[in-house]
């Protein structure tokens, strides 16, 4: 038996979204699914194939061959705007940390995928809707710089409601910061792949999400720039069927492929191999 | 009085398209226009502003400050396909030469426009519909190479029904040949501007016509890839109003601007000055 | 309705009376109106200080949206020999972004600006300054031209945001902004950015990643315009004023954050009270920045650009016991 | 109706009888059918020589369009680990062009192919292999990937031409082809082009400017497909056969013109009579060319590419008196 990978060892108990400790109802087919079954099936509904959102540590488990060497693991956000609405922002993030068992909405680090050395970053919708603030920008910059130094491809799995409002224009500037890091990595000739999962919107889709050499969308993911609420308020007309779905984006030429979670690791491995393979002299 | 520019001295009498030696009927407003008037007004209808097609030598007269030093003036086409339909192709081109007073469907050379040294090529619809065969490709390659050597911008005024069928795949290859010359000029950082006049289609629009840094369309020009007859035969449905007009292309983001003939030299001069102006140290 | 226009109504009326008096004074040489004029001028001055002396964030939002505020084309048309270039070469010409070539005080430049309209008709044409993907793709074309011909790129930000609509999403609003950002990140020529009106979200930043960022005193710049921000935060667009207060979107804030390098003061009451002077000050600042940036090698320029943004953020290492995780 | 399919009908029937006899021979071990089989095989061989021995240009056009001829994806799917990449990132994924990454006998390559359908339904989906601008823009994306990662680019030409329709014109068919050509002209990686079916006009050339051009014996390549050529020349599409004769579009012609560098022989009766073997021969030729081209420095590669096309043409100096002019 393989040794327990390091990221698993320091994993917190998974917080439960629904109240029922054993069962969950699939939002797509309304079937009751046994939670343990769901976890074993990569959180894909065994009845209808609906892809539930996957936590970042589960995603790392799915993609990494074994150990995952986290970078910037202890980074927590500041409070650049001194934001207060219901409660002060630091109090919000503190609650988020206890609730989610994570320090921020992304984990980044190095690992192997299908035997290929990579830098891997995975966002987590469970932490403030996967929003991008200072920490996301900083960790992505750190990861891409590490990929540049080691000349290994970078893979970013996106899941985000966009820029984090509570960090205001500082959050907006993370779009610039990550774009600069992506550009610099590209100038070194190092491959960059993104996986857009449910949901990928706003400042994340409009920066590194759509800057990759190859863009993979996960089946069923909602992907777009503007959120549906904002669009509704602007145009006040019915949105077309499947609007902003992964399949919709494929048809509109925005993503390279739509891949089921069960095939994601294989597909990603193949793409990474094709992009990193040396041409024989 | 300024000395007669050299290109004017060896100019043949203008062949007359209509039978009436003095008057011509405007196809747009149906008014009878006195030919001498028309020539003085750059072949723009004084009644409605319709732009008649302009011969290449008239176009050179309109754009060049003074002398025009022709390149490849004596080039005539061969007969790579040994083409015969009604009559052999060499006989056709021989007739074209006598009828049009030109050796081929383009003149290229160096001159000044608004005081700026340029390479200028002008196509002429009157010679086999301005089609591109070996000579057009060769002369454009010669011109762009000369522009590269002298680091002066190139201006190509297009007027063409596309590739010349009678030179078959050799004509098609002139698209590749000119594209390579454009690419090479661009790699030297030398500006390239095209003026799309009536009509610019097929192999000309789909190669150097749309490869310029700045693309100017002349008012009223028909511009497109496929000819209307071919589109009609394929889709058999009514074409939208203004389809393939210069204004239609502007709206669809294809050209930088639409300019009246009377303003063309001024506009071109301005664009060339902006592209060639040195940044002060 | 613009809250500043409402607020300044008494002042506007007073100023109208003053203009009238001065005209009368010039025409009729009979009665001496000078004392009356002086009195009213003092009153106007006082009123200006009262109204504009201490604007709230929400009022500053409306100052940035003032219907008479200079717009991108007002700046751009002050360049010598400006030539507008149109179209993205693939789909459409988007009038909410204007772009072209011009000369700034002897230096040939490429310019891009987000363009609002002055009235309803023009605003419909300009889509209220909210670009579609094809607008950003037109901008990208001009960015590439700037790099090819080594022209500094000068941009003018004035948008509530990228347009959130069906066509915009279908044609890849995210991709368009993302690609603009990546292009600006690596552009081997100086980039000077002016925030002259409303800087809303990624739609603003898409032409706003640069080497020197100038901001007009009463412009705003934020992660999202107050209205969508309120929708996102509280599902309630009417809480925009609240959002404006929280978002720290004024030029003072932006300068303090180190995002903006230079703030240009406006006349009391806003840029529209002296458009010529304001435009001149902005362009002079651009000119100075360009001159300085042109001295740098392209690699140095890119390194500095990288470092400038690399350090933007607010975070720290969590030092206490991580058992909670 | 495909004239080759018509022409080969007696042969197809005979071959069906032969297959049937051979099956019977294997099943029943009673009667010895060997002499009968031998006799029919000789007859089939004779028929093949008669039918295919001396095809007219028009017949060769139909050979290139044979419904069973190997299509781009038949070649591409023979690569190891092929991954198809989709979309132009701006408007749509165009199924008439397929593109992606794969491994050709140990060498990682980028591939682009024009893809027709096998039946009506598939042909509607693939638009009969006639790309829209977004197809060429997808191809451009893969060209840029090839350059960025130093992968040789391998293309497969099989199109009657770029689609002549309203949407295609609106979205810039000319611009899309022109930009593809410019990109290929400067692409700093080897380009190997295969003409495997129909090479029609600029729509073919848009993925056909390269360093080594391979052509299958019964493929065609011309300035325009015979039908539009006849429309353009004589305003009469029914004169396509006449156009086919005039256009000199066979592999013999193309090789003679110096446009095609290598012609791959097909089995008597066409590639579809041995798809596996034909595909293998084409890919082996590509592999040889790549190996040779990869040895060149990028600058040398570009110089050779330039020279290759620079000399294509047929013209001379007019020496007699030019008074007529």
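Per-chain numbering from 1; labels A, B, C and D assigned in written order.
Throughout what follows, a residue touches a chain if its C-beta (ideal position, glycine included) is under 8 Å from a C-beta of that chain, and two chains touch if they have at least 3 such contacts.
Here the structure is a predicted model, which means the values were calculated and not measured.
Shared touching chains for chain A and chain C?
Touches both chain A and chain C: D.
Along touching chains only, what is the step distance from chain A to chain B?
2
Which chain has its C-alpha centre farthest away from the C-alpha centre of chain C?
Chain D.
Can you check how far apart chain B and chain C are, centre to centre, with Cα atoms defining each centre and the answer in Å?
Those two chain centres are 42 Å apart.
Which integer distance in Å separates the CA centroid of chain C from that of chain D?
Using C-alpha averages as centres, the distance is 53 Å.
Once you find the CA centre of chain B and the CA centre of chain D, what distance in Å lies between them?
33
Residues of chain C that contact two or more other chains, please.
In chain C, residues 89-91, 171-172, 175, 179 touch at least two other chains, as defined above.
Going by the contact rule already set, what residues in chain A reach two or more other chains?
186, 210, 252-254
Touch graph across the chains, line, ring, star, complete or other?
Shape = other; not a path, cycle, star or full graph.
If I apply the definition of touch given earlier, which pairs of chains qualify?
A-C, A-D, B-C, B-D, C-D
Considering the complex alone, what residue numbers of chain B touch chain C?
Checking each residue of chain B against chain C gives 186, 189, 191, 210, 213-214, 250-257, 267, 270-271, 273-275, 277, 279-280.
Quick check on the complex: what are the chain B residues that touch chain D?
Residues of chain B touching chain D: 10, 12, 74-81, 83-85, 97-98, 101-103, 134-135, 137-138, 141, 161-165, 167-177, 179-180, 182-184, 186-187, 201-203, 205-211, 223-227, 229-231, 233-235, 237, 239-240, 243-244, 252-254.
Hey, which residues of chain C end up touching chain D in the complex?
For this pair, the touching residues of chain C are 89-91, 133, 137, 171-172, 175-176, 179.
Quick check on the complex: what are the chain C residues that touch chain A?
Touching chain A from chain C are residues 162-166, 168-175, 177-179, 181-182, 184-186, 201-202, 205-206, 208-209, 221-224, 227-229, 231-235, 237, 242-243, 246-249, 253-254, 257, 259, 305-306, 309-310, 312-319, 322, 324-325.
Mind pulling up the chain C residues that touch chain B in the complex?
81, 83-94, 101-103, 106-108, 134, 138, 145, 148-152, 294
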